[in-house]
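The first chain written gets the first letter, and so on, giving A, B, C and D; residue counts start at 1 in each chain.
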Amino acid sequence: MESYGKYNWKTKLHEIIYEADTPAGKLFDVVLLIVIVASIILVMLESIKSFDERFHSFLDISEWVITILFTIEYILRIITVKKPLKYITSFYGIIDLLSTIPKYLSLIFIGTHALVALRALRLLRIFRILKLVRFMGASNQLSSALKASRVKISVFLFAVIIAATIFGTIMYLVEGEENGFNNIPKSIYWCIVTLTTVGFGDIAPQTPLGQFIATLIMILGYGIIAVPTGIVSAEYTKASDTDSSKKLSDEEHKHVNTVIKNTQSCINCLATKHKDDAIFCRKCGSKLRI
Amino acid sequence: MESYGKYNWKTKLHEIIYEADTPAGKLFDVVLLIVIVASIILVMLESIKSFDERFHSFLDISEWVITILFTIEYILRIITVKKPLKYITSFYGIIDLLSTIPKYLSLIFIGTHALVALRALRLLRIFRILKLVRFMGASNQLSSALKASRVKISVFLFAVIIAATIFGTIMYLVEGEENGFNNIPKSIYWCIVTLTTVGFGDIAPQTPLGQFIATLIMILGYGIIAVPTGIVSAEYTKASDTDSSKKLSDEEHKHVNTVIKNTQSCINCLATKHKDDAIFCRKCGSKLRI
Amino acid sequence: MESYGKYNWKTKLHEIIYEADTPAGKLFDVVLLIVIVASIILVMLESIKSFDERFHSFLDISEWVITILFTIEYILRIITVKKPLKYITSFYGIIDLLSTIPKYLSLIFIGTHALVALRALRLLRIFRILKLVRFMGASNQLSSALKASRVKISVFLFAVIIAATIFGTIMYLVEGEENGFNNIPKSIYWCIVTLTTVGFGDIAPQTPLGQFIATLIMILGYGIIAVPTGIVSAEYTKASDTDSSKKLSDEEHKHVNTVIKNTQSCINCLATKHKDDAIFCRKCGSKLRI
Amino acid sequence: MESYGKYNWKTKLHEIIYEADTPAGKLFDVVLLIVIVASIILVMLESIKSFDERFHSFLDISEWVITILFTIEYILRIITVKKPLKYITSFYGIIDLLSTIPKYLSLIFIGTHALVALRALRLLRIFRILKLVRFMGASNQLSSALKASRVKISVFLFAVIIAATIFGTIMYLVEGEENGFNNIPKSIYWCIVTLTTVGFGDIAPQTPLGQFIATLIMILGYGIIAVPTGIVSAEYTKASDTDSSKKLSDEEHKHVNTVIKNTQSCINCLATKHKDDAIFCRKCGSKLRI
C-alpha cells in the first residue's frame, strides 16, 4: 500500500486514536470517555419513562449525534490501521461496531427493546480507555493479589454452591410451597441470598424448624465470609510485603518488570504492551512510531 | 475366594471404579460426576411444578435411566471389592444405596414427598469424586487455616449465640407480639438475622426503643464481623508465610508431607490415603495394585 | 466463728460449689450449667403461646423444680462462705438471688410480664461457669486482640455514628414522612441499618434522589466495613506472631503469665485468680485449700 | 490595632475559645460540645411530630437559648481574633454563622422546612471540637492506613460501579418494569444494594433467569467484599508493624513526627498545628501565646 516510513496523516491519526502517550492521544481518549459515558447516561435516561416522554426529541437527537461520532471514529479506526480486517474482527472492533449500529438498526426494526442491550455494550468500550488507568499503576498489586487467590476462591465458591444446594433442598422440604419455597432452584436462590448475608426478605422461613435451619445457615455464612477475605488479605499482605521489602524473588522480579505502562500500538497488527525502548513490534516486526 | 494376584477383570474394575490414577479411572469419575449432577438437576426440575407437568414422562424416564446406571454401579462396586459387607455398611456404601433406591421405593409408596430428600442425598456422592480435587492441592492451605482457627471460631460463635439470646429476650420484652416478636425463639432468630447482617426484614422493630436496641445490635454485629475474619486472615497469613519461606517447623513439616495425592484404594478393606510408594495396604496388609 | 483448718463439710462444699479443680467441683459446674440452660429453655418455651397453653402445668412444675434447686444452691453458697454478706452483695450474689426469686414473686404479683426479664437474667449465671472455658485457653489470644483494638474500634464507631447522623438528616429531608422516614431518629436508624449492610427493607428510599444517596451510603458502608476487620486482623496477626515466635517483650510476657487457669476461690473473701502455687489468699491472706 | 503583647482579656479569651491546652479552654470545648449535641438532639426531637406537638413551647425556648448562646460565642470569636474577616470567611466561620441564624431566619420565613437542614449543619461543628480527640492519638494509625489505601479503594469502587452498571442494565432487560425494575438507574440502585450485601428487598427479582443472575451478582459481591478488607488489613498491618518494630523509613519517620497534639491557634491568622516549641506562627510570623 503506502509507505509508513514518514509521519503522514494516517500515522499521526493512528497515534492519536490508538495510543495515549501524546497530548492529542490523551485528549482523544478523554473526549471518547466523555462521549461513551454520555451515551450510557442517555440509555439510562431513556429507560425512565416519564423522562423519555417529556424529552423524547432531545434524547433522539443526542443519540443521533453520538451515533454519528461513533461512526466517524469507527471509520477512522479502520483507515488508520494497516490491516483493517484484523481490527474489524478483533474483540474491540466488534464492540465498536455494535456500539455504533443500534440507531441505524432502529430505523429498520422499529421499537425493538433488545437494542437497549446493544447500546449498553458501549460500556465495554470504557475498558479500552482504561489503558489510561494503567498509568496509575495502582491496580497492579491488587490484580496480582486477586490472580494469586483465584484458584483458592474458586474452590471456596464451589464449596459455597454445594452448601447452598444441600441447604436449599432441606429448606424446600421443610418450608414447602406455602411459605414461598416453591421449588428447589428457588430454595437454592434463597440459600445464596442468606449465605452471602444479602437477605432480601422476599422469601423468608415461616416455620420454627425452617427458622432454626436458617439460623444455622446464617451463622455458617457469617463464619465463612471470613474465608475469601482472609485469602485475599493474606495474598495482598504478601504482595505488598514483597514490594516494600524489595526482596524480590526471580519470578516476582520478572512480574514487576512486565508491568506495562507503554501505550504504543502497532499500526500493522494492533499489538500493544510493547517495552518502552521497543523500536519494532514484538508481534509482527514492523517499525513502531518512526 | 479367588486369587487377586493377577490382573483379572475384577482387579481392573476395582481400579477403574475406586481409583483415579488410570485414564479409565479418571474417565469413570468424570462420567459418574456428570450423572450425579444430572440426577440432581432432575430433582430440581421435578420440583418446579410447571416443568413437571409439561415434561413429566421425560423426567420419569430420565430418573429410571439414572436409577439403572446407579444400580449397575452399585452392583459393580459390590462385586469388585473383596469384602462386600464392609463396603455396604461403610458411609459411602449407604449413600450409594440410598441414592439408588428412591425410584424403586416410589413403586411401592406412591407419591411420597420424602423421596425427594433421599434423592437429594446423591449430592453427598460428589464428595467421593472430590478426591479428584485433591490433585489440585489448592485447598490444603485453606483447610489447614480453617482447622487451626476451628476452636477459636467455636468460642466466638458461642459468644454470638449468648449475645443473641440476651438481646432476643430483651427485644421480645420491648417489642412484644404485636410487632412480630411472637416468642423468645423467634426473637433470637431475628437477633441472629440482624447480628449476621443478613436482615430479611420479615420481622423489624417498630417501637423507637426497639429500633434503638436494634441499632446497638447492628453496630455490635458490624464490630464483631471483624473477629472471625481477623482470625482466619491471621491463620491463613501464617500458613502461607510458612509455605513461602520454607522454614517449616517439625510438626508443620509432617503435616505438609501427609498431603495425600494418591488415590489407591485397597481391594480388601477399601482403605485409602496410601503413600505413593506403598505396596501393601496400611490398614490390612494386603497387596496394593499388584 | 469456726475453725476452717480441717476438711470439714463446709470447706468441702465450698470447694465443690465455688471451685472446679476437683471431680466433684467439675460435676457440680456441669450440672449447674445444665440446670441453667434448662431454665432458659423453659423461659423460651413459655413465651410460645401455643406451647404454654398445652403444657402449662408441666412448665409450671419445671419452673418450681428449678426454683427450688436454685434456692438450695443459693443457701449452700451463703453458708459455705465465711463472709456471707460479701457474697450476697457481690455481682454474682445479686444475680443468683434474682435468678431464684421470680417464681416466688409470681405468687405475690400475679401474671407480671416483667418477671420474664428477671428469669432471663439467669443467662448471666452462665458466665460464672465459663471459668471452665478458661481451661481451654483458646479465647486468650482473641480477647487480647480485641482489647488492643478497643480504642481504635471506638474511634471508628464514633465516626460511623456521626456519618449516620449526617446522612440520616439528609435522608429525612429528601425522602420525608410519606416514604417512611417519619423523623430524624428513624432516619438515623435506617442509616445504620444500611451502613452495617443489614438492610431490613422495612423502610427503603422511594425517590430517585433518595436512592442515589442510599447508593452512596451503601458504598461508603461497603468501603468502611473493611476498617474494623483490618484492625482486628492486624492486631490478631501481631498477637499470634508474638505467640508463635516466642519473642515476647517484657510486658507481653507478664500478660501471658497472668493467664489464670486456677479456679481456687478463697473461703473467706471469695477472691479468685490465685497462682497455682499460692497457699494464702492474695487478697485477705487466709489459707487456701488446707 | 491594639497591642497584643500582654495578657489582656482578648488574648485570654482567644486562648479559651480557640485553644484547648488550658483548663478553661478544655472546659469551654466540653461545654460547647454539650451545647452542640443538645442542639442536634433538639432538631431530632422536633422532627418527631407527636413530641413536637406536646412540647412545642419547650423546644421553642430551648432553640432560642441555644441560638443566643451560639450568637454570643460567634460574637466572641469575632472580637478575639485579630483579623475578623478571615475568620468569618473561613470554613468554620461560615459553619458557625449558619449554625446561629436558623432561628432568626424562622422569624422572617415562617415554617420553612429547609431550616432543619441548616440546623443539622451544627453537626459539622463537632469536628472542630475533635481537636480534643487528637490528644487520644488513636486515630493516627487508622487514618494513615486509610490514606495509604485511598487510591486502591478508588480503583476498586470504580470497578464496582462498572459491574453495577452492566448487571443493572442486564437485570432491567431481564426483569423489566412489571417486577419493579422500572428503569436502568433503579436497576443499578438494586445492583449496588445487592453487591454490597445490604439487600433491602423492596425490589427483588421474580423471574427464574433474574434470580439466577442475582445469584451470580451476590456471589460476586461475596467474593469481592474481601478486596477492600484485604487492602485495609494489609496496609494496617504494615503501618502497625512499622510502629511496633520502630524501624521507620525516613519518610515514615517524618510522618510520625508531624502528628500534632498542639492546639495553639494564632491570634492573627488562625493557623493551627504549630510545633510544641513554636514561639512564632508558622504561617504569618506573629507571636504565639505571649
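In this text, contacts are C-beta pairs under 8 Å (C-beta built on N, C-alpha and C of every residue); 3 or more make two chains touch, one makes a residue touch a chain.
Predicted model only: the values in this text are computed from it and were never measured.
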Ask   = So chain A and chain D: same face meeting same face, with over half the numbers shared, or different?
value = different
Remark   = By C-beta contact count, B-D versus C-D, the higher one is C-D
Key: Centre-of-Cα separation between chain D and chain B, whole angstrom   = 48
Request  = Round to the nearest whole Å and give the separation of the Cα centres of chain C and chain D.
outcome  = 34
Ask   = Residue numbers in chain D touching 2 or more other chains?
value = 185, 188, 197-201, 225, 229-231, 233-235, 237
Inquiry  = Per the contact definition, I'd like the list of chain A residues that touch chain C in the complex.
reply    = 197-201, 229, 233
Task = Can you check the complex and tell me which residues of chain C touch chain B?
result = 40, 43-44, 47-49, 113-114, 116-117, 120, 123, 126, 133, 136, 138-139, 141-142, 145-146, 153, 157, 160, 185-186, 188-189, 192-193, 195-202, 225, 228-237, 240-241, 244
Inquiry  = Could you list, by residue number, the parts of chain D that touch chain A in their complex?
reply    = 151-152, 154-156, 162, 165-166, 169-170, 172-173, 177, 182-185, 188, 194, 197-201, 204, 208, 211-212, 214-215, 218-219, 221-223, 225-227, 229-231, 233-235, 237-238
